[in-house]
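Which chain is which? They are A, B, C, D, E, F, G, H, I and J, in the order written, and residues in each are numbered from 1.
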Amino acid sequence: MPMTREEVTSAIIDAKKARGLTWKAIAAEVGRHPVWTTSALLGQQSMSRNEAELAGALLGLDEACITALTECPTKGSLDSDIPTDPLIYRLHEISQVYGSTIKALIHEEFGDGIMSAIDFEVDVERVEDPSGDRVKITYNGKFLPYRKW
Amino acid sequence: MPMTREEVTSAIIDAKKARGLTWKAIAAEVGRHPVWTTSALLGQQSMSRNEAELAGALLGLDEACITALTECPTKGSLDSDIPTDPLIYRLHEISQVYGSTIKALIHEEFGDGIMSAIDFEVDVERVEDPSGDRVKITYNGKFLPYRKW
Amino acid sequence: MPMTREEVTSAIIDAKKARGLTWKAIAAEVGRHPVWTTSALLGQQSMSRNEAELAGALLGLDEACITALTECPTKGSLDSDIPTDPLIYRLHEISQVYGSTIKALIHEEFGDGIMSAIDFEVDVERVEDPSGDRVKITYNGKFLPYRKW
Amino acid sequence: MPMTREEVTSAIIDAKKARGLTWKAIAAEVGRHPVWTTSALLGQQSMSRNEAELAGALLGLDEACITALTECPTKGSLDSDIPTDPLIYRLHEISQVYGSTIKALIHEEFGDGIMSAIDFEVDVERVEDPSGDRVKITYNGKFLPYRKW
Amino acid sequence: MPMTREEVTSAIIDAKKARGLTWKAIAAEVGRHPVWTTSALLGQQSMSRNEAELAGALLGLDEACITALTECPTKGSLDSDIPTDPLIYRLHEISQVYGSTIKALIHEEFGDGIMSAIDFEVDVERVEDPSGDRVKITYNGKFLPYRKW
Amino acid sequence: MPMTREEVTSAIIDAKKARGLTWKAIAAEVGRHPVWTTSALLGQQSMSRNEAELAGALLGLDEACITALTECPTKGSLDSDIPTDPLIYRLHEISQVYGSTIKALIHEEFGDGIMSAIDFEVDVERVEDPSGDRVKITYNGKFLPYRKW
Amino acid sequence: MPMTREEVTSAIIDAKKARGLTWKAIAAEVGRHPVWTTSALLGQQSMSRNEAELAGALLGLDEACITALTECPTKGSLDSDIPTDPLIYRLHEISQVYGSTIKALIHEEFGDGIMSAIDFEVDVERVEDPSGDRVKITYNGKFLPYRKW
Amino acid sequence: MPMTREEVTSAIIDAKKARGLTWKAIAAEVGRHPVWTTSALLGQQSMSRNEAELAGALLGLDEACITALTECPTKGSLDSDIPTDPLIYRLHEISQVYGSTIKALIHEEFGDGIMSAIDFEVDVERVEDPSGDRVKITYNGKFLPYRKW
Amino acid sequence: MPMTREEVTSAIIDAKKARGLTWKAIAAEVGRHPVWTTSALLGQQSMSRNEAELAGALLGLDEACITALTECPTKGSLDSDIPTDPLIYRLHEISQVYGSTIKALIHEEFGDGIMSAIDFEVDVERVEDPSGDRVKITYNGKFLPYRKW
Amino acid sequence: MPMTREEVTSAIIDAKKARGLTWKAIAAEVGRHPVWTTSALLGQQSMSRNEAELAGALLGLDEACITALTECPTKGSLDSDIPTDPLIYRLHEISQVYGSTIKALIHEEFGDGIMSAIDFEVDVERVEDPSGDRVKITYNGKFLPYRKW
């Protein structure tokens, strides 16, 4: 019986734990940014054959897992539309509270269109701060103007 | 009959349009960042009396609107949990695709806890790029470790 | 009291009816494709000032309606996620029945990525057929490969 | 224990992968269009005995899978009404943004009725374009006028 | 301010009540079956100009209502997917209890395809019965085989 | 481990397929109408011991399955409230489009009350028609007047 | 503009309050049980002309309200499927906790069928009790066996 | 692997069936009312050790099942908020149709408060009736006045 | 036209704002705890005639508002089941994260039963703390054991 | 196959039962408050290595379970947004009835901001009372003011 993509993801998380690896260390081996690499390993991106083999060698994955990493997944990493996990819920809350503001300012700056979520990068960083370190998440996507015809 | 907060927001948007103002220009007058100022004017933050009067004078708002800007609003700017507007939906999609990755990397870096959405700032910027300018959205929130007791 | 975008749309539909115009005739006046023009008049696109004035003159719209046509709307023309109107429901059913097929074939042809719904055109045509004329709807969107970083 | 239709679909996808086949190659063997063939193999159509045997021989399916391909399936290929996968979500977004427009133009051209989703064909094509190749999806369905009695 | 279709429907129901008419009497005047006529008056079908004028004359409707009856409506007469009214809920319950049976028997008799809900008639009749009269509802729709291509 | 009612239903469908039986043939053996018999075999009705044994003998069911057919099931044959299968969805669409009409006409004919879905029969028939055969579904339920006390 | 049924209900509640009447006193005047009378006045039953006139005279209702009380209403008195009001929620909770028990015991006593909610009466009584008075709600409905055919 | 409470419930239903017991007979052995006993056996109440052993001996349950019957369960016996089973749905329909009436009459009789669903009993009885026997369900709960402080 | 309870609540909030009152000051005048008084003024409790008159005099409410405060309201102060306002959402999150813990500990301490939400008090206090003041919310409800019968 | 966190939780509950331990006794061993310890064991908190080993030794857990207790879990202990279990539902009801009051009073006392659910403690206590003991639940969270920038 072949593995589902969710089972591949579980196997990867278990291998990472068993070998005491970090997401950043795997990303360094693969030669990609930690966010992209983590999202690929969590089943949201498709790796090249070479990237999958590098990750597979480090994690000790079998051929089926390595192949799975090269395929186009059905994306969407959350169980429900409104996540119950507090960390992930905060992203939802930010969209609720600041979504209309972000829309207003993008339209003021660029006109009608959107920030692409495909030609798009994410970064997650620690910002040191004496009153408590901060998390900085950066979204960077190409502006796509609405086509007129 | 007093105005609801939604009616205050409509009145502000109409006044802004009638006077040909931009969100950035109002923010400059108020002395706050454009994202914070826009979200306050769209009913998601509470201004100080002074900030509300500066905004009110520029926009020609009446006393009821100015007072409304100083009150703690019921926050949440979207009509539904899964927004239909494509620009705002992309924020939801990013949480769906990258949410588990962001959770994994914050925990790897900081341990158990969350990025605050209250002690929190957003920025929206244009990044010039020869293959098409890009939108950069930055979330910056204090890391809050889970309390143990 | 200013008009909401829904009221602008109602006013446009009433003016079209009162003057006996067709969507195609308005599109010809505006100089755009009927699908784009209709979707703009139904509150889903933003017109240039010139386009809005041409449409406004033909339909006899007032200045507030003409201005509204030039603004970036909150998009989404349906009342609910699963439409009850049978004609619109068929589009939902097609996504249900053929969605996984379309995903499989786009990935086979292009690799990981999507068809843009922003850099995108729709056409609706009549195809004559002796056993009953047919409706042909064409979606044409730029392929956007997933960015790796 | 007999296989569910979902297990038949999994077995087909695994066989296709193991034998290095493409959907187009299977369709050529079956003698049907790639969209129809793919949707039949993904459990949304019923094949004739001969078509199922041709597909089965190429994929090395057992008798139970071949028989399953000839039965009338319970159709609907998506897990939820609002798909989270970005490629499939775009079809939902197109219905949200352009659905009322498509309804208006079909009624203007044909009167009251719908485009059939049963007497219906889909095509998916690549359109070469110097500024980036495009995906072209064509829906072609018989117009069905509402019966009056 | 023009009337919405819901307001037209309310006006028709009020006029019917004020004039002491029955749905059957209006249908006889219009020259159509009571089910079709009632559904048209309740905003689910589009009448010819002549039918709308006959109904309008009998009910004393103004020109705006008569025109509204000739337009293609947004169909769907219920407030929610699962109706709370007990009479209408029973139709939902019948689909829940007998839906899989009806699917199995149509496929056994006709092969893969559906009963059209567009090339379709409904009848509602009283069947006298000594142990209590019965309601007989008949659905009659063209069988549409799934197209293969 | 005893079988769930869903597993009994699967076993029946498999036995029917393996023996090349039709629903109508099983109904003839059981001595009941095909709709009732099919719905009982699909887990929506309870058979008498004798009926269950006749069906069991024809299908080669074991004692546990035969007993299960005599028990009062938890009824409801669909996975969700709004079915995605096109054939079954049409029943939902008919309720949406004609539900208010059916309610109006039953009340006009009978007064306040409902058509029973318990003291109730369904029939599914083929109606030959030169322009394409038709499906005729008949609902026949006792009228139940609302009790006053 | 005619009143909706909800507006009729509001008018009745206001008249009752203004005249200092109780539901029981109105029921005594109408000559019906307090539960039935209250549910009719709250828009869930249809009164005879005589009953409506008696209630109307006591409450000082106008002709439009009296007529509305004689019509078959769209039933369903709650805003949502899961009520938020604690008193009404308890009815929902009882169905959640005791629903499967009630089903099991009715089937054990009567066989396959249901308790009618149409040929049905409700009573609400106070039961004096030294440790705190109790509410007793009685449901009394005809058993309807499932029809076999 | 220990049993879930759902598996305990299944085991009890199977044992009851295998031994030809009725819910009433088990209740007599346990020394409790049939409704309470059935709801405890269906996983909605917690038995004393002695009650669980009496039930266990009669049904032939193992120690794990007997222990499970003494634990505080997670209550809620239905799969969904709006049940599809017709018998259980009628309880939901009664709340929809009579809920506002029951609220009005309890407040008229007792003032602000609720009928407890915890200090609460249910009874299910057969009422013989020449025109068809009737089901009588009695809810009896302590009135709890809202506390003021 | 009489006021709805929501309109009474709006009138109270406006009067409070216009007169520069605090919730605590109104509670002191009424002679009740601030939480109870605020919830009564926000439409969730029923006041005695005397309490309503004291609040009404302080706020300058008219007779209709004062009467409304004495009636049993339809309770439930939130727009949706999952609140979008961050402050109120945190209460929902606490139930999600700590709900199963609270259930386990109440059962360990008290056995099977619940904390009443009717014979129940809430308090909200400020706790001074050098690392940032804290909010302390106390729920205090009578333990209600499940009745056995 | 590694255990899911839900399986770890089940194993802990079974071990606790088999060894006759209470949540309070485990907490005493771990050296943490019973609420925090219980929520950690139920999969809502992450323990230090030492705490996990103390709990593991007392409960006889294997290494995999002990490791799982040290990891950051996906939080959210309830199956659905509106819980059906009566004890947990009461927490939801309290938010519905008192949520707007709590928001009003926190804003009156502290200004715009929230009570943290992360820098947060819960306590559950028994309060002896001659008219029936009471449950006292205390929420204690840091006030977080909304950041302005």
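To be clear about the criterion, a residue touches a chain if its C-beta (ideal position, glycine included) is under 8 Å from a C-beta of that chain, and two chains touch if they have at least 3 such contacts.
Nothing here was measured: the structure is a model prediction, and the numbers come from that model.
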Study note, to complete from the structure: Quick note, more Cb pairs in contact for D-E or E-F? It is E-F
**Study point:** Inter-centroid spacing, chain E versus chain C (mean Cα positions, whole Å)
**Key:** 29
Practice item. Please compute the C-alpha centroid of chain A, do the same for chain I, then give the distance between them in whole Å. Key: 42
Point to revise | Centroid spacing, where centroids are CA-atom means, of chain C and chain H in whole angstrom | key: 54
**Study point:** Interchain centroid distance [CA atoms averaged], chain B/chain H, Å
**Key:** 50
Exercise for review: Return the residues of chain A touching two or more other chains; collapse runs of consecutive numbers into ranges.
Suggested key: 35, 74-76, 78, 81-86, 93, 96-97, 103, 107, 113-114, 116-118, 120
**Study point:** Interchain contacts, given as pairs of chains that touch
**Key:** A-B, A-C, A-D, A-I, A-J, B-C, B-D, B-I, B-J, C-D, C-E, C-F, D-E, D-F, E-F, E-G, E-H, F-G, F-H, G-H, G-I, G-J, H-I, H-J, I-J
Point to revise | chain E to chain F touching residues, read off their complex | key: 22-24, 34-35, 38-39, 42, 44, 75-78, 81-83, 85-88, 90-110, 113-117, 120, 122, 124, 126-127, 129, 131-143
Check your understanding: Which of the residues in chain C end up touching chain B in this complex?
Key -> 2, 67, 74-76, 78, 81, 117-118
Exercise for review: Enumerate the contact residues on chain B facing chain J in the complex.
Suggested key: 32-33, 35-36, 45-46, 72, 74, 103, 107, 111-114, 116, 118-121, 144-149
Review point. Across the complex, what residues on chain H touch chain F?
Key: 10, 14, 17, 82-86
Study note, to complete from the structure: In the complex, chain G touches chain J at residues 82, 84, 86, 89, 93, 96-97
